[in-house]
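Here chain A shows up in two complexes: once beside chain B, once beside chain C.
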Partner chain A sequence: MSLADTAQQIRRRDLRLPLAAILVVVALAAPFIGSRYVTHSLIIALIFMLPAHGLNLLVGYTGLLSLAQAAFFGIGAYAAGLLAVHYGTPFYVNATAAGLLAGACALPLGIPALRLRATSFVMCTLGFVIIGQAIAKNWISVTRGDMGLSAIPKPHFALGPLSFTVSGTTSFYYMALAIGALATLAVWMIVRSPAGRNMIAIRENETLAESLGVPTWRYKLLVFIISAVFAGVGGSLYAHYLTVVSPLTFQMYYSTTMLIIVLGGGAGTISGVVFGSLLFVGLTEALRITPELRMIAYGLCLLVLVFWFKKGFAPVLNRFWDMIGGAK
Partner chain B sequence: MFSTVIEQIVNGIVTGSVYAIVAVGMTMIFGVLRAINFAHGEYYMLGTFGAWFAVDYLGLSYEASIIVGVLSTIIVAYVVGRLVMQRMVGAPAEAGVLATLGIALVLQNTVILVFGGGYKFFSGGYIEPLSVLGFSLAAQRILILVVCLLVFIGLELMVTYSRMGKSMRAVSQNVECCEVVGIDVPKVVLHTFILGAALAALSGVLTAPVNVSVYGGMGELITFKTLPIIIMGGLGNVRGTFFAAMILGIAESLVATYVGLQFRDTVGFATLILMLMWRPYGLFSTQARF
Partner chain C sequence: MTGLPILEISKISKSYGAVKAVNDVSLHVGRGEIAGLIGPNGSGKSTFFDCSTGLQRPDAGTVKLDGQDITGWSLNRIAREGRMLRSFQKTVVFKALDVEENLVIAGQMFTFPSLFSTFGIGRLSKKRISGLRDRARELIKMAGLWDVRHQPAGNLSGGQQKLIQFASMLMPEPKIILLDEPMAGINPKIIERVIETILYANKSLGVSFLVIEHNIDVVTSICQRVVVLDQGKKLVEGLPHDIIADERVREAYLGG
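This part shows the complex of A and B:
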């Protein structure tokens, strides 16, 4: 290393903290910077970020490719929608119930499914989405069939004498942002914990992990349930934001979208999922691309990601972050 | 009552034949690539669209439209095979799932973009009923049955005796050894893939006069029907696929009549999940091959 290089290295400052501060400010000020439609796009991105975080725990950290995320998303959406329509319960009750119900459904579904190997497991999880849609269509006394649930009230909070309703797009954005931030924090804590390291051990080599005393079966089941809880909470946000839930909430397209977020952003990274949901859901929504073109773009993205960018955007993000931090 | 049951079973066998022709291609592709082809139903859709285009726009006869449908699918399959499927040799199972999901999205939505998302009416085929053994059955359905039998006999002969069939079996057993003895693995993969896609297209063209409606999303439904079949038949197992397709066809037909039409499309996956708990390797394979 020459002297000039060393001098340059010293000159470069660690700009990570200022950048993080700027990002936080932008996130907080977004509804006032952009138009209403931008805010709407960001809300959609935040809603899909939740199931994507859950899927990332499964695919990125534990190495289980699952397509069932849309099923739990749908269960959460219906749970929250039904509670809000019939009982008018506050939002935090609906979201908790949605998450818990999705998690509770994941337990009996996960036990047989996780016994299967790669391909069969994928098929089985796909089956959950298709059967979920059939149930939503045919259990008419509860779900109203193809008509779906409509006029789901806007989320409201009630704590003792205080109560307020999240009515506007801007206030919904802040609520979604808070929930998204909490979810990101939760994933970060899970991943940093010893449990997270065990999950990575299962992803890298399941047999080896088991021989070292990691209870792989329990971990896989637990991660499957946790990912369903994330999807369920995401579903509750979806129901309250769109105010309509139909059997089409259970569709492969949503599972594919969540997969694109995780793989495109970078499976096994948290920042990748956040970035991925902004890019693949937020941006396409903001650009108002027609659904067909969007799905063609998704399909091409999948092909490019699988063969050329196996790690998604994560390496690019990491290099950028290191560069900001002053590394060469 | 009894004759209704028989009639439903016969209908189920016809449906099963349609599924069998599609599924056998899928299971053969799995055999050589170790990858589930999520886009397989899209070739069924492409074949149907090709035939519909030939009849509706070009004014060709139904017989000619079969050729147009299958040929256009073969061209698409050649391109996809060259660009995507050949890269999947030796890739992990997840890569196969994701890449073929991507192809499915691209093919399906391109067709919707070009031809519009609405339902189209397919006119043509032999729909006048024939009386066979006391049943009246549309001639088209009999044609489907006959073609299905011919396809399976042909495949059985090809896989057993022809050079291509032998290399397919070899590749499905051990890719490295094939490379060592000089079998061109990418070529075998490409040929198997094109064969599978062409069979799916043929099945689509043959079913079009029975189903009447043609639309862009029809491939996805067929993919979801054939996925359980190939797993139930034991992945890569041609004979198992045939029987699994028949079982599913009959089960669907009976469920549609006696339980409710709306449950028909769920039969496949419900059966699959129940079966996987009992026999994780498929109904007709004694041990896990993959």
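This part shows the complex of A and C:
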């Protein structure tokens, strides 16, 4: 550390606050900056960010690999869709019910599954998605089987005499953005709490955590349920945005997409998941315009990731963040 | 009350397949005592620890801690509710986390009244954590780890990791600590330090100890009583000096 270094450090301004402000403005102004298609892509990214946030708590912080996220996403989508179609309930009721039902389903599934060893646990969670799809296909009186639910009403809010329907893409974007921001805040609070530290302890060394009094099994079950709640709420957004839900909502492709967001963005980091959602979902959605190139671009992205960014993009983001903060 | 042993283990047995790792072993540790557990490799010492602390379920036998029957309790419950802490033969620390975080984690479950309360990030939660941090720093100073307290535990030497493991166990104000070969593979300077810390915890904090140790000098200098295991069975029990002189003990170590 020479004098020149120090001087340079002082001269360099902290650009983090301005950049954060710009990002917030861009997020808020996005529908007016980009095309409708960009807004649509961002909405899809925000929808998938929810289950990814939940999965990050499980994979990134607690160290449990799960492929069940699409199952809880599907449960949430059907719950919200059915409520909206049959009872016309307001969106916040549907979203809450979707989250709670997904969480409630995670309890009986988690209890036996979490007794298994890591590899068996992964297989078991894969089974949940397949079973979910089978139920959606065959419980025809409720789910209408392969036809699925259609004409799900656009989300509406009712507060006393006031009522408001989220009809356009732009207004849906703001709703998804608000929910995404809340979910991000919720994850941040969980991770910052002493429970978050215990989760990390479980990830780092389960037996050691156990020997220090941490009830590891109960934490794992609780985090499994919390992650399902996130997925369920995401599913409710999905149902209301697409206005159709079919058994294909329960698909492995969704589970792997959510996993790629977490691992590619940076497991165990919040910014990584936000960035990963934009990159892996927003980008592939945007690339739909060129279907031939889409899968190739996606595949290349994954290869780059595996070879150059083994810990996802989060370390790069962090370094960039420190750099503009004026640190060396 | 003082007459009652802090830990009383009766007739513990544990088999792995055909191997009778521990065979009908009884042992007690008095309040405020430092007891030693020795025996050749493979004689069942670690297995005995595992069965006493809930890591393994014994095939038979009972464990009583401070007058309470804790047989069948899980490892985490014995630590949390029983305040009986243990170390592992193969040193383990949270390698990716710094020294201070290692100790804070060790104290958390003893400071927060329930699992749900650990999700709080309010003022009360912050106050509890800062209390833990203060305690952690005191112990870090005592263990001589002050200069490395912000380094990832995995970057430190084996001896330093043993000290972290030891300091972590002191976070929850334990009643008794079971140490599995605390001196193995560390240099004499750190051995001194570990002995000092054990004696400090024993004298000033009133912690009882059961220590598995191969270093016979250490055993004779800190233990008040020694139990010898051989092939899963209790061979003898007595004062350190008598044990060293005992023919059967010599035979067990030499004969293997």
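Note that in this section the second predicted complex is superposed on the first by the 308 of 328 C-alpha atoms of A that agree within 3 Å, B and C clash if a C-alpha of one lies under 4 Å from a C-alpha of the other, contacts with A are read in each partner's own complex, and residues count from 1 in each chain.
Rule of thumb we're sticking to: a contact is a pair of C-beta atoms (placed from the backbone, for glycine too) under 8 Å apart; a residue touches a chain by one contact, two chains touch by 3 or more.
Remember, it's a predicted structure, so these values are computed and weren't measured experimentally.
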### Query
Looking at the overlay, what does A:200 touch: chain B (first), chain C (second), both, or neither?
second
### Message
Touch test for A:100: chain B only (first), chain C only (second), both, or neither?
### Response
neither
### Task
Check the residue A:242 against both partner chains and state whether it touches chain B (first), chain C (second), both, or neither.
neither
### Message
Let me test your reading of the model: by the given contact rule, A:124 touches which partner, first (chain B), second (chain C), both or neither?
### Response
first
### Task
Using the superposition on chain A described above, determine whether A:190 touches chain B (first), chain C (second), both, or neither.
second
#### Entry: Between chain B and chain C, more extensive residue contact with chain A
B
### Query
A:181 contacts which: chain B (first), chain C (second), both, neither?
neither
### Message
If we overlay the two complexes on their shared chain A, which of chain B and chain C does A:208 touch? Say first, second, both or neither.
### Response
second
### Message
By the touch definition above, which chain A residues appear in both interfaces, chain B in one complex and chain C in the other?
### Response
none
### Message
List the residues on chain C that touch chain A in their complex, please.
### Response
53, 55, 74-77, 79-80, 85-86, 88, 92-97, 101, 104-106, 108-110, 112, 115, 118-121, 125, 128-129, 168-169, 171-172
### Query
Where on chain B does chain A make contact in their complex?
36, 84, 87, 91, 93-95, 97-99, 101-106, 108-110, 112-113, 117, 220, 224, 227-228, 231, 235, 260, 262-263, 265-266, 269-270, 272-273, 276-277, 280, 288, 290
## Note on the structure
Residue set of chain A touching chain B in the complex reads 65, 112-113, 115-120, 122-124, 126-127, 130-131, 134, 137-138, 252, 256, 259, 263, 291-293, 295-296, 298-303, 305-307
### Residues of chain A defined as touching chain C within the complex
189-190, 192-195, 197-198, 200-201, 204-205, 207-216, 218-219, 222
